[in-house]
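Scrolling down, you'll hit the structures one after another.
What follows is a pair of complexes built around chain A, which joins chain B in one and chain C in the other.
Coming up: the complex of A and B.
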């Protein structure tokens, strides 16, 4: 009999941890990882350092190919799952290949979140989620002196710090929408403002973005950024940093229950048998709250990947709510159960 | 350029009818126009062309190409199921070009995009869509792919346009235009969507070369025969020799010659011996199984001292063997395959140019030495294409070997007169005063049957003597590498010479004292030169494609020493890497 085929969508930290556990639990099961990024599993939190050139691509890599060869795990990179037929247990890849599974784990992670009111300016925004984004920014950087960052999530703090250290002028337009997933009240915003100024950024607070215009098409292009109160900033790059949201658009019509993320029970199983979700893409049920939570963060993604794998191998492990951690940026201190200092 | 030494290897793989081979033809032509050297060797796993998978494999280089190389830098898939089977023959950083929009979803592992590994670069291009845009069907997917290749490797689009114009010159003008459009669409798609891998940039200037022929070994041999003044060809189709007959059937009648397709190989050589007897330049071409059938009549030509040319395009044997796979295992058959003591001259070209030059020369030799001359080609040499400058054809110096014609005198004409050289002046039927008898029986100098032992001894010796003499008139074997003492001496022949040469020059062996010895005259081998070579080499390695080591056996006989046999039957051209490894083992 052919061994069952477990397919994992994703090659991030939750997918990798899950594949490791699945293999430990069963030496024979067929395991395939599919990722639309054409790159080995890497540390996302190191991307800011890569952008400014303080580390190279090789030092981003977590697992090289041997990790997969040694564990007999098939790695499909640069391949996008376009849609899923849950009834027939089939994935449809954008290069027109079908992949059948017996069990499916979705670890599709998060994507940069842009508030709807800013959609008209989407094409002007630079975001940072993937290595390809980082490569793009790194390539453009030598010609860039002035950068405006709209939003102000935890990723942007680290990036701003790295950019300022490499001699760029960075201006922040702090925003009410910023700082997702952390609830940002006025005191946090104030503390953040102080911390950003301390590392050398110019900060505009309480005067949100109104519009962006591209005023020259050169290389790099030049943008004029206007605030509601009429301030005008010039920049060669406008970064949008409003946190991440689960990357589940490709599943909208699949039949899975989706809210912000993929709804799963506290065993990480979706509403479909044999289909599980873990990591940033999952919206996990907490029985004691009778509510769901989404975690965007590295360590929780590991924990969720591990539990999903155990449950796919026959365990019945419930997920417990992550506990709050303290993280620091300059003088700013925050408490969050999601994001960890890495 | 990347890959083995300084070249780029491109494979275009599809199913029969996908146009992979014609795409490679256009690619070859374009590259030759741009001033590159090419070697193209296509493969068809099926016994007959036109079914199943076909792979066009071309190596492009700024310097002359010695072997097709093994691992491709670029794989173009016109049929993913077939192309997937080629994945073991590409480099870890290869470029893979595939159709990103096939008409339907395919089953798991039937799409090549699913196999692209880190380090490789995948180019998904909507080949079908772009072809349909250009020619209203998917027929020109291959041309779209060529346009993409031109962009990926920064090759001159003009050269491809010219190559397309040549390829479709006999078709309606619209066909050419449509294909030009397909080419441009593929090119523009990459320019707009893809980043070129900077690693490989052919930086082709506008094309300059115009006098280049791109021909296969079979075509070169056939052309060599034509230019030698071939009058008569008879043959029976057999892979991989058939193309020679096809080529001659088109061209020989225009030169007042005759091509006869006979009922079998026995008849073919019978016709050829008859034409040779009549003083015509005559030839047949076959492969191992056909050559076996010919051996009896070939002996007649040896005994009756009739000059003919026989090409054996070797393939894997014995018997029907491996019709579409290359091998060099008919050496013993060519040299020793006859009843009695039946010496004949055996030549083996090393490349396509020599298929031309040696075939052309073979007719002079056959006529001058009045004996069959066998040319050993093989599947690889027969079917591989190379770029040849036009000057090859013009610069050939004829008349190196000339026949000694009999003159009628008062004494009766002795067709088989015993001479010091072993060569008896020749006459042909119908020449006044030179009437004579010939027979397959042993004969006196006048041609009449004679079974006397003394006579037989003298006649055997005469036939051997005349053939032995060619050793002194034939150019010395090519020697390369260390001119003095060598730790390893590499001997090879025929189409394996290229791989042996490339191995000797391989960077992994730089600094080592290695020499190469590459005869084209295999029988009688130039033993003086061989012994001298042997004396200066600590070890001898003989590289050839057969399992017993046939040339190795001949070398051992002459040098009275054991040699290392690098005799393999991989069913493909010899691998430079394995020769290099073997040499390294010897050097340790």
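Coming up: the complex of A and C.
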């Protein structure tokens, strides 16, 4: 009889850590990682440095292929799960292949969040979540001198820093959605504004984006960015950085319970007994918060991946709230729990 | 000639009706069975008058529904299947036809000669008006009794003007009433008129009084000042009787009324507006565009919560919730929602709008509700000559469902009065000799509906938020439609089995098959696909997967792929059906 087949959707932090733990727990189980991306598991926080050419693509890689070969983990890259048949435990891939699983772990991670108010301008926005996004930006960058960043999450701070160091002109339009995942108050807002100015960015605060117009179709195109109070900025690239949201669109109507993320219990199990979710896509109820939360960040993803793998192997480990950590930008240090209450 | 390729004409064969059901998903999903590919194709050709007419044959209010329809057609649209992108913006295309009809366009009606029968209809909402219009076409004298001062029912009193301008309602209601229908407004059943009198006066009476009693929250504090039902709130707003609301407003409910209340509250000056739902956003019956507009207007969802109590002394001061979790699937198929023990929490608010649904008004007639039963599909009741239509017998539903039901009930009334069926649904079949599409159109993205700026929405509360597609955008949006009413079939005696069609098919919907099932609506394979030449009986197109791209038609060296247009149409039985 064939050993059970565990399929993990995703190739990020949770997925990789979970696959590692699953293999440690059972040398025989068949493990398959399926990822939409074509790349090996990489460090996302290094993408800004990759964009400006400070590091090459190889430096981004966390695990090379030997990691998977040594652990007998099957890695399927560039394959998109289109649909899940939970009753028959079957995944439908976009190239029309069906994959059966005995247990499924969904680690589909997050996707760039564009607030609804800015949705009409989404085709003008550049976002940065995946290596493919970074490759696109890196390719265009030699022709780009002026960049407007709207929002202001941690990724954008790092990107702005890297872009300014590489000689680009960066303007920030900060608004109410800024500073995710940090709970921002007036003090933090002011401190970040100061820190951004210190690294050389032009900061527009208290004057949110009103509209964007594409004024030339050249290479690169030219955009006019207007604020509510009438300021006008010219840019060759407009970045939207409002943090991430769970990437669960492909699961809508699958039968799984979806709110903001995939609803799981404190064992990271969905309403289907053999289906688990971990990482940025999982939404967990925390009794002491009296609310649901979605985690973000590397350390949380590792923790959730470990717990999901342990529970898929038969344990009954509850998930615990992540501890507060510090993040640093310029000479500013901020605390964040790396989770987001809903 | 191959028997699967029918000649031009009409069919009432179940095989052809079944083809419509399985292969034109949008039309079958529409409660009024609107010929959606038909009017989209007319829009594509810039013939807005024809598009409007095609629409109006099934759906009496194209301009209205082009703005506020719940769009069951879009949920069923083949273009929205997971590997094909987003559904065609059917509703927006419907609106462009209504907005751009020429000044002198004709509304053509199929009028029967006068029958000498009279029908009384109680309620001038969508169901009542649809029934009245159909019965008037059948030649009956129709009188509509309406308790409010304006016809239109919930279109007028339940839906805010920023979603549905009053001029659009007025025009289409006027057109519905033009066939000699007598409208008596300000007349309330059980007060000004009585059912026995109506039954005596008319040959048939239809109760289409809608659902006007709000459901109760059944929580302590519900009677406090500051708590109002969603329907009452919207009626006050729409009648101009309300010009303010609290600062922090909680709307409870997940339907259109809840959304309308929340957006109206924002326009009346509420600073913070929340919508509390027991489940999650995915469960909402509201289109995603509407949800996006809500977010843009600063309205926030509080999902997975149930109200426990409304707090306050002289006025609402807060609301207490318990958080919910899903607990698997119930026996009835829905998801089980369970409270999480110890998860109670409170929010400070000063207004609660309970929009959790409506029920039919009780005590409308002298007969108790228990003593009269209605068939919700046919509208017939246990009392001869008495019928029900729309929400009154089907519980609160959507406008398009009410219209579809109103028309069906009218057909049954006519059948009972005239003792024969005089209008039938038939399938028209017409060879086209053309694919009418280009493959590149499949890759056009769905277009967003343009809207007015946020500030303008607050500045002019009645300003219509959605401004409608431009003609250019509408034409492009129409080109996205696969035209599922086109049926592609391979004429097997002419086929040389070159398999070029299989090679170019982008969706693997052409197969070699061992057997041909002649009873199916199209020669689709039924589990007999084969890769062996020796066993191949034919090459067939699976119409259910086919996206009508036309690649097979263009590449076929024998020109043995036939395209026919198959449409569901109303047909007067007096005309001959071959």
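Here, the second predicted complex is superposed on the first by the 334 of 342 C-alpha atoms of A that agree within 3 Å, B and C clash if a C-alpha of one lies under 4 Å from a C-alpha of the other, contacts with A are read in each partner's own complex, and residues count from 1 in each chain.
The working rule: a contact is a pair of C-beta atoms (placed from the backbone, for glycine too) under 8 Å apart; a residue touches a chain by one contact, two chains touch by 3 or more.
This is a predicted model, so every value here is computed, not measured.
On the superposed chain A, the two partners chain B and chain C do not both fit; they clash.
Legend: residue contacts after superposition of the two complexes on their common chain; A:269 is shown touching neither chain B nor chain C.
Legend: residue contacts after superposition of the two complexes on their common chain; A:317 is shown touching neither chain B nor chain C. When the shared chain is aligned, no partner comes close enough to touch A:145: not chain B, not chain C. Looking at the shared chain after the overlay, A:83 reaches chain C, while chain B stays out of its contact range.
Look at A:39: by the touch rule set out above, it reaches chain B but stays clear of chain C.
By the touch criterion defined above, A:25 lies against neither chain B nor chain C after alignment on the C-alpha atoms of chain A. In the superposed pair of complexes, A:205 makes contact with neither chain B nor chain C. Of the two partner chains, neither chain B nor chain C is touched by A:111. Contact with both chain B and chain C is seen for A:96 once the two complexes are overlaid on the shared chain.
Between chain B and chain C, more residues of chain A are touched by C. Comparing the listed stretches 129-137, 165-173, 219-227 or 543-551 of chain B against chain C after superposition, the clashing one is 129-137.
Across the superposed pair, chain B and chain C both touch chain A at residues 96. Taken in their complex, chain B has these residues touching chain A: 98, 100-102, 104-111, 113-114, 116-118, 122, 124.
If you check the complex, the residues on chain A that touch chain B are 38-40, 65, 76-79, 92-93, 95-100.
Residues 82-83, 280-282, 292-293, 295-296, 303-304, 323, 325-329, 335, 340, 342-343, 345, 448, 451, 454, 508 of chain C are the ones touching chain A in the complex.
Across the interface of their complex, chain C is touched by residues 82-83, 94, 96, 115-117, 119-120, 250, 252-253, 257-260, 263, 265, 271, 285, 287, 290-292, 342 of chain A.
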